[in-house]
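There are structures below to look over.
Consider the two complexes below, in which subunit A is the common component and subunit B and subunit C are the respective partners.
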Partner chain A sequence: MKVVTGVVGNDIHVVANRLIELSLNARGFEVFNLGVNTYLEEFFDAAVETNADVLLISSLNGEAEGWSREVKLLRSKYKTLDKLVMVIGGNLVVGTADAETIVPKYKKYGFDLIFHQVDLNTGLDTLEEYLKERKIV
Partner chain B sequence: MSLLQQEREIILSNEHVDNFDFAEVEDFIRNADKNLFISHHFKNKKKMLVQPRGGFPTYKKQFALNEFFVEANVDVLPLTIDSNTRLNDYATAKKMLLLSEENDVDMLNGYPLVTHGYRATRKMVTHFNKPVSLRHGTPDARLLIETALASGIFDIEGGPITYLLPYSKNFPLDKAFLYWKYVEKICANYSKLNEPINRESFGALTATLVPPAITITIQLLEMLLSLEEGVKSFSVSFSQTGSMNQDIVMGAVIKKLSRHYASSINCSDATINLVYHQWMGAFPTNKDFAEQLINMSTVIAAMVGADKIITKTREEASGIPTKEANAKTVANTQYTLGILNGLPKIVDEEEEEILTLEVNAIMEAVFNDSADTLWRKVFNSIKSGVIDVPFSPHIINHNEMITIRDAKKNIRIIKRGNVPIPDRCFLYEKAQCDLTKDTTSMVNDIIHDIGIMQ
Partner chain C sequence: MSSEKLLIDVGSTYFKVSSASGIEQHFRDFNKEILDDLTYKCGETIHAYKKEDIYICSSANGGLSTLIIGITDSFSLKFATNIAFNSGINIIDKVIYQNIEDYSIPSDLIDVVIVVGGIDSASNIFGEPLLSYLDKLKYSNIVYVGSEQDAPKLQENIENLVVLPNIIDNRLHIVEENLKEYLTNLYQLDIEGKEDIKNLYTITSNQIYSTPYIVNQTLPFIDTKFTVVNPFILIDIGGATTDIHYSKDLVDDNIVTTNEYDRLVFKKLGVYKSKESLIFTAKNNEFVYELLTHLKVTENIFEEQSEKALQVLMQLAIFLVLCKMSHYKQAYINLKLLSINSIVLTGGITKVLADSEIEDIITFFYKKILNSNHKPSVVMDHNYDIWTLAIINNKG
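Right, the complex of A and B next:
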């Protein structure tokens, strides 16, 4: 199971990104970590290049919201990404808002799983269950 | 004309610099008051120097901040530079400065020194007649440092490693080495005119579980890169680890080894000082707790025997501090230092030996690299992971080393990666930790270990 991950935009907060990589590795995923300060095109390019099953984008400073508006449009330009599971997590808003308003918004942007201020392991458990249910594992 | 002078003229002739007068600047430095030189204060000091952090966009606000600091009995004034200037985006810095001046709202997170220029800034520096320390985070600091020195700022923080690996994802490391070589040469040349210009390395690095061996190695290497260009006054530094014993051990080892390695390149005439950063990790949001943490940091700095302490404020968790909160820490820290008497001497020989062996092994691996110059050896060592900084965002960093805290909260290496930690030391480090846990609970421990002070 291949996962491309990284922190979107001009966000340089690296700590959680390293921990995500460690945790994914421990759970048996093959991880391609693009690190901090990564643009959407780079995520999709990497997903194509590695033939990834999951794209896990994270954000700490909340700028993900600005970038996410372009996800659907950009993804449609790639032909081989139909089966890619799209996950986003971290702090998904600049300022404050609760998950009830954020999750539907990000669903519309094209994400399958949305984790706003969710504990890392809870999020990864949910991802594993999701993959099992869809028989992607 | 020398090659260096040709480069200087290129760096200093552009639309952001208002007619840099080389002869006048040299004259100013030659005749500058000794009180502006931190090296002079280090030489004559009777106590630990106290320096806060701080930088505001407008001249007026920076001036007011300095007045507060002086009132609080500060020893060294800071000048923190805004992030646009750090990335050489002087046009944006100028625009944001104008907006800040017009609307009385701060549009920059520091003082845009290049935009203000050296003539204006020198007026402020000489008015207060205290040493000023330049705080930034700039990979290409050539224009910034020229402007700082011309302004009378004679304590220059930074270095090619410590201002790159914690701050940047992809600025080319080899270029950073060359740009900082320029800075060292300028500082060395001006040092011949009056008291020496002091260079200071930024040992806090990512402030996230960086093991002492990595911190000290990088401090020593930046010191050597500076001394070999002719700098005569250098400060090595590190930040509070979270374990008092580990801080004391680090202080002892870094003092011993900095002198040892300086004399190994025939630079024992250079003065080496030790700077201690109060806790650089995440702060408690409770401001009273923050003050307790700051006070404890001061006590540890005294136990470590630091020559200078750099302070935090009770507002650390909530953003850029007000001048009132900032000055309050200075006054509190001076008070604590004044009443800290009769400190016991603590020596942990076993820990000192382990740490010394580790640092020497990494230094030896760097020196054994086949490149012809020190900066290339260091560059290759970072590229190959011989030097590996936990939680650096930079693409060149290896990220193979893993560290956690032991039961006494010491930072321990549990995975070496390519860092040549000797087997005996590695076994010792691991023996202090509970390694029976699975990775999931280990990751939870790491999250806890990072936020230890919250």
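Right, the complex of A and C next:
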């Protein structure tokens, strides 16, 4: 199972990114970590080059929403990404908001799994279950 | 300079012969073979040297062309582009495979097609659309540097396909060496394969190299001859092409490579053989008329055959090349031009333009295009010292 991950936009918060790489590796995923400061196009391009199953984006500094609005349009330009599972987590809004408002919004942006201020292990457990349910594993 | 060696550079327009007694320069006579022309004009000098003491390099053919087919801009195309530049190859076109059917087919013969995409664990990337595109394309060589899993299938279906190790490793990092060696050799073979150049082996027993290649190899030693402040660019305006060599730290790119200097060739920007296309490019640049006014000439100068006209063409070539490297004209690579501390000029230009005339153009460029008063120092290689240094350093 291949996962492309990284921190979107001009975001330099690197700690979570390192933890995510370690955790995914420990869970047996093949990880392609693009690191901090990664643009949407690079995420999708990396998914194409690696033939990845999952794209796991993190965002910590508040940029998430701005980028997420462009996800659908950009993804539609790629012809080989139909099966890609899209995950996002971290701090997904500026200020505070609860999951009930955040999750539907990000679903509309094109994400399958959304983890606003959710602990990493809880999030990754959910991801594994999701993949199992859909028989992607 | 060593006293026992004779150095010869064959260009598209003239050749230079450097011996202990100085440098001779002659325009080429295109009705004659290079060897005949050379022996006619400097036979005496040549005969005074033994075959093993004569070193020849050539830039007469202006380099190879490539078309790259990759699957993404951020990885396969970017990596292959970078390697092609490093090997002195001109990029004619880049094709994103998923949209390959939408691209028009270039009519020119392509020297080498590069096909790339996917890490080794990705498979079934290329299929029928690639084959039908290639069917319509005219090319002399084709090399595959993508996922190893697709290689056997492609090799079966594409005649004379050369397969090399993937240039993208399993962490999505670039692997340069194999493709670079292949392209450099191809370039070298192309030079040697020219009948005209082959004949030159009757006067030398040393390998004939491409001039830009050896110049590039010399850049790390440039400060043994000149006071150059890093980072710098070197501009070589020739008869058929204009070459730019630049230090890597001028490129805003996170690709990690081993080479310190890269090179770009602008194939159709020369002042003799490709004069017409230089003028064409100039006329399509919106700042050129302002530049001509600044130089106190009109566009009628393009029709003239005078010394003044040649000077203006050379000034234009400097301006256009800088434009092409700037954010103003998106080329393949944009240099951080505001960080440049020195601009080194070599080639015929140093005989035609005074330092002040070059500084004038550079100042104009920085003001107009970059809105800046930045002023890199201009270093002129009046005596072809860079070339001499290069050819001597590469003699082994």
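Convention: the second predicted complex is superposed on the first by the 137 of 137 C-alpha atoms of A that agree within 3 Å, B and C clash if a C-alpha of one lies under 4 Å from a C-alpha of the other, contacts with A are read in each partner's own complex, and residues count from 1 in each chain.
The rule is short, and it goes like this: a contact is a pair of C-beta atoms (placed from the backbone, for glycine too) under 8 Å apart; a residue touches a chain by one contact, two chains touch by 3 or more.
What you are looking at is a predicted structure, and each value in this text was computed from that prediction instead of being measured.
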{"item": "Side-by-side fit of subunit B and subunit C on subunit A, or clash", "value": "fit"}
{"item": "Touched partner set for A:T101, first subunit B, second subunit C, both or neither", "value": "neither"}
{"item": "First, second, both or neither for A:F32, with subunit B first and subunit C second", "value": "second"}
{"item": "C-alpha centroid angle, subunit C to subunit B via subunit A, nearest 10°", "value": "70"}
{"item": "Contacts of A:Q117 with subunit B and subunit C, given as first, second, both or neither", "value": "neither"}
{"item": "Touching partner for A:A46 - first (subunit B), second (subunit C), both, neither", "value": "second"}
{"item": "Subunit B versus subunit C as contact partner of A:I12, first or second or both or neither", "value": "first"}
{"item": "Contacts of A:S76 with subunit B and subunit C, given as first, second, both or neither", "value": "neither"}
{"item": "Minimum C-alpha spacing, chains overlaid - subunit B and subunit C, in Å", "value": "5"}
{"item": "Subunit B and subunit C contact sites that coincide on subunit A, given as residue numbers", "value": "none"}
{"item": "Contact set on subunit A toward subunit C in their complex", "value": "2, 30, 32, 34, 41-42, 44-46, 48-51, 78-80"}
{"item": "Parts of subunit B lying in touch with subunit A, wherever the complex brings them together", "value": "167, 169-170, 206, 208, 390-393, 395, 399, 402, 438-440, 442-444, 446-447, 450"}
{"item": "Subunit A to subunit B touching residues, read off their complex", "value": "12, 14-15, 18-19, 22-23, 25-26, 35-37, 120-121"}
{"item": "Residues of subunit C that touch subunit A when the two form their complex", "value": "71-76, 98, 117-119, 121-123, 125, 168, 171-172"}
